[in-house]
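Before we start, here is the structure in question, set down as structure tokens.
Read from first to last, the chains carry the letters A, B, C and D; within each, the first residue is number 1.
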Amino acid sequence: MSNLFNWNPDRSKYPLMKEDGSLDVDLSSQKFTKLWVGPNHPGVTGNMAVEITVSGDEIVHAKTHVGYLHRGFEKLIERRLFIQGFPTCIRMCVAEPDYNEYLLSKSIEDLSGIEIPEMAEWLRTLVLEMARLQSLLRTVPGQGGTFSLGLGVQWGMYLRDLILDRFEELTGGRIYHMYILPGGVRGLLPDGFKERLEENLQLIDEFIIKIKKLMFDNAVFKKRAIGVGVIKKEWVDQFGIVGPNARSVGISRDIRKDYSYLKYQELDFEPPTATDGDIFARSTVRYRELIQTVDLIRQIMAKMPEKGDIKSPTPNVLHWKIPKGETYTRSESSRGEYGMYYVTDGSDKPRRINLRGPSYNHAMTLLEHMLVNANISDVHAIMVSLQTCPPEIER
Amino acid sequence: MTNDKLNKNQIEDVSKFFAPENKKKNVETPDGQIIEVNPLSDYFSEARPKVHEPNSSKVVETFLNWARAESLWVLGFGTGCGSIEIPPLLTPRFDAFRFGVQMRPTPRQSNVIIISGYLAVKTLKRVIRSYEQMQNPKYVLALGSCTINGGMYFDSYNTINRLDKYIPVDVYVAGCMPRPEALLAGFMKLKELIKAGKAENANKYVENFDEYKANQKKIIKDWNMPDYNW
Amino acid sequence: MKNLIERLHIKYSLTDIVNQRDNFVYLTIRKENAIDLVTYLKDYEGFSHFVLLSCVDWIEDGKFQLSYFLNQPNKKFDIAIRTMIDRENAEMQSSHHLWKHIETYQRELREMYGINFPKNPRIEENFILEGWDEIPPMRREFDTKRYSEKTFFPREGRKTYDPATYMKDKLYPNAPITAKVNKKDE
Amino acid sequence: MEIDFNKILFAIIGLIIVLNWGLLMSSIMRKIGARVAGRHGIPWFQPWVDLVKNYAIRSQITHGVMFYLGPVFRLSGGVGLFLFMPMIFGSDLWINFSFKGDIILILYFQFFGMLGMALGAGEGGQPHSFIGISRGLSQFTAIEVPMTLAVISLAVQYQTLSISDIVEAQQGGFMNWTIITNPFASIAAMLSLLGAFGHSPFNLVKAPNEIPIGPPTEYHGTYLGVLRTNAAILHVVEAVLFMNLFFGGAGSWLELIVKSFLIYFWSVFVGMVFPRFRIEQSVVWFLKVPLILGIIAIILL
């Protein structure tokens, strides 16, 4: 009886590839349809496109197209002074720009040997965690949004706006902050900031309970998410999977834990993991990460000193020359390992920077691989569950 | 304006960029005849667009303009980093639905296209296609400094500097990035323009069609589509 | 890990070793041995996570520097392998068979620097740029500002200032232009 | 045959009332949805403005003759459904062209618009359209089965094929309503109603972020205006059909408005808190739960 309703026949013959890797699909045979998901499509994450070939509802081949957001940042920063790189650099990933500022400052500090004061480290940790919080408030309910559960998105976006308000109070900017600078940060917390942030965190606590009832206890959501878009454990190294996507198959990789930076070794946390590797596992990992981030922000606010020095002295930024060298710095963004390769040549401009975004692997090779055999309805859900962010692919 | 055919040589020049299914080919019909198929001219119209004059009756036109202003359907196409401020616009804090702003997923049904920030050349091609598929009257709302003069990407090799050289722009919203309030103010300004009957840029695009096309073709090197995407 | 580096040094005759941090080493190696070393590290030393493949343009020396970043997740150790290749007819042995995502990195380098990786599938496909007919844009000799001014209709009225002279004239007309470190509270 | 001009006049007036009530109802529903999400929501007159705006689009393109006829078929399906539906029980004027055996015709008209739309949208050439069409037709077939079973069950119960007679049999207090006297058939039909209205979890025909709005992707301007006009009429008339069959009909326009609102609200309420099924999950669901209920309803009689 159960086989009667099993509508997923054996599709092991896909992908229809020839020996040299080219596609063995004859579009004129009328058995296949070519579909473009994006760039002008309400479902895709950002401005990217997936070209899929479908047979019925099954995808036989997928190809990611990027480059719609290419601005040539790496080229632009090569012709700017170190300090001029900051306004340019933060626009590389719009979802959580603070990681870009942190990496750029950290690279410059690494190469020129500047130590930053303790208070600045605490403030940087706080800002990075707040950035993660606002990003998770968008993506955790966003997974429900891919299954047309728009209610959670509406609630989440409201709370995200509150966190952005706190950012505005602290830094003056709503999306782009430019708060972290080489040598430290730009300012102390305003009066009453902690209380106001705590009020918002309490609202988020309520939201965490509500979103569990709405999404994770929902029968239809489970039906759509469990067993769909599975990442296998052996893929993690093969495809360079990092962050929550790797943690959802039980491989605990977290830069905050493994290569502890800033003040993370003084905080008490354990990166959440799951075992199944499907969409449901990834969204539960993100959900537990949301709970953990709220907890981390509370810990930071409790342990942080009230006042202190926030900026180490730096040379005049307009005539700053850094000796020849290169460095690779990394941090854990909400999508995974976020690194920057920074090369200087002794002049007043960097020779080369290269951003290593997690989506570079997730959205290209991994997505192309995962979409084969998937149902056409799940394209968007898989894309969101990998949390792809096109600007960091093409920069 | 006449429906004169476009110069076919222009299309054939760039045929190396075509996808295999769009290239000229010979096809055998079921009864054994061999016919030549040129998908670009067979499946797509090559006619030029026409100017659509407003209704001759002033009263009717005023009423219709009011309806157009109160029902702005926005194409859901996030072209740049400004698109991160579109979701807040539709959620409790800002709630643009109050002003009749709604998102539509397809260009056919939309009236407004928001160019949310910088435009890479590759995206510009898609934007032109989307813009041309929208129906008259249509409005363009350009978001961010990068659409005005290139903003902070003034020296980038892959982003355009001035949007109004490629498609006519109704309202600019300055800032990098503009806050959702500024975007709402932009919508209000657009409404004013529509109600005053000044937002006739769809016709302006048709009147200066050749000039716009020349500018577009200057930077889009692989022009593998019809000149006007019906 | 010192042990490992010494073994590698003997086996592959590294030309340069730089310790950046205690868990991060840069190794410089000749072009012919680079992929061998990467393969060895992956297969025998547990460097299973490939982080980044990047390129630096040293136009003065006429060289491209390719950097392969490998990570050993268990011992939390990183090795960056640097190798120099010629700028003229730049070509490098492809390593797409080791990790799937190297294919993408190599496609990007092909487009942005014009480095060829023979045998990499889809190497000729457009990755980011579309219909690009200039020299590859990330090469140092490509002047992006001139290209932009030539192509994209710069809007008149934009005034650009050299920040140093502008700040001197407008804000601190009396201050001398010298780089100096502001020592605090001394 | 004698033409009854009075009846035609009242049918036209009824159509106008139904159209406006349908638009108002959709506006109220969207407002309720917005309030649940914490938003203010659209102005109440937004559906009318949208309609006027759509008819006022200056340029329109076509993809062929069927592309024109698709919305026309859809509208005639909706209007046809209205014309044979008795609106107010006990009134001579508001029963339109209802006749003995009209329930068979109404089941046919439910499907008619769908087929016309399929032909029209198919000619549009947009791949998302025909994916939406194939989803829509397969889901609608799955919906029709429990719906037909429920109707057959009713026909056996009341020994009639006329909607007016079914309504008449339910008069005299809510204990006589079909929902009390034949709960299995009613529940089966109410569940299939969820699919007919196309709110989530069964909105995979239009599936906003999978296949952007499905069949009407290519429709714009006047075409879309016609489709939206039809949607407003169809929603009310389908709610009225269910009201007539299971909730004792309406004695006045006020009763009709209240009851049809509640029936429509049922589907919106479910849609608010459930994500969307995939097409095969949806078909299987319809062939499991409502079908079994419908069979039970037949067996019990």
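Everything that follows uses one rule, which is that contacts are C-beta pairs under 8 Å (C-beta built on N, C-alpha and C of every residue); 3 or more make two chains touch, one makes a residue touch a chain.
Bear in mind the structure is a predicted one, so any value in this text is a computation, not a measurement.
Student: With chain B gone and nothing shifted, sort the other chains into their touching clusters.
Tutor: Drop chain B and the rest stays one piece.
Student: A-D or A-C: which has the larger count of contacting C-beta pairs?
Tutor: A-C
Student: If you average the CA atoms of chain A and of chain D, how far apart do the two points sit, in angstrom?
Tutor: 43
Student: Give, as an integer number of Å, the spacing between the C-alpha centres of chain D and chain C.
Tutor: From the centre of chain C to the centre of chain D is 61 Å.
Student: Between chain A and chain C, tell me the centre distance in angstrom, where each centre is the average of that chain's C-alpha atoms.
Tutor: Distance between chain centres: 23 Å.
Student: When the centre of a chain is set as the mean of its C-alpha atoms, what distance in Å lies between chain B and chain C?
Tutor: Centre-to-centre distance between chain B and chain C: 38 Å.
Student: What positions in chain D touch 2 or more of the other chains?
Tutor: Those would be 37-39, 208-209, 212.
Student: Give the residues of chain A touching no fewer than two other chains, as numbers and ranges.
Tutor: 34, 41-42, 67, 70, 72, 75-76, 79, 154, 158
Student: Please set out, as single numbers or ranges, the residues of chain B touching at least two other chains.
Tutor: Within chain B, the residues that touch at least two other chains are 91-92, 105, 122, 155-159.
Student: Can you identify all of the chain pairs that touch?
Tutor: Applying the touch rule to all chain pairs gives A-B, A-C, A-D, B-C, B-D.
Student: So in the complex, which bits of chain A are touching chain D?
Tutor: So the residues of chain A touching chain D come out as 5, 7-8, 33-35, 41-43, 57, 144-151, 154-155, 158, 214, 218, 220-221, 223-224, 375-380.
Student: Help me check something: in the complex, which residues belonging to chain D touch chain B?
Tutor: The touching residues are 34, 37-43, 46, 49-50, 52-53, 56-61, 208-209, 212-213, 216-221, 224.
Student: For a test of understanding, state which residues of chain D touch chain A in their complex under the given definition.
Tutor: 36-39, 127-128, 131, 200-201, 203-204, 207-212, 272-281, 284, 288
Student: Under the touch definition given earlier, write down the residues of chain C that touch chain A in their complex.
Tutor: 20, 23-24, 26, 48-52, 54-57, 67, 69, 73, 76, 78, 80, 99-101, 103-105, 121-122, 126-130, 137-138, 140, 142, 144-145, 163-164, 167, 177-184
Student: Which residues of chain B touch chain C in the complex?
Tutor: 17, 121-122, 125, 148-150, 154-162, 165, 215, 218-222
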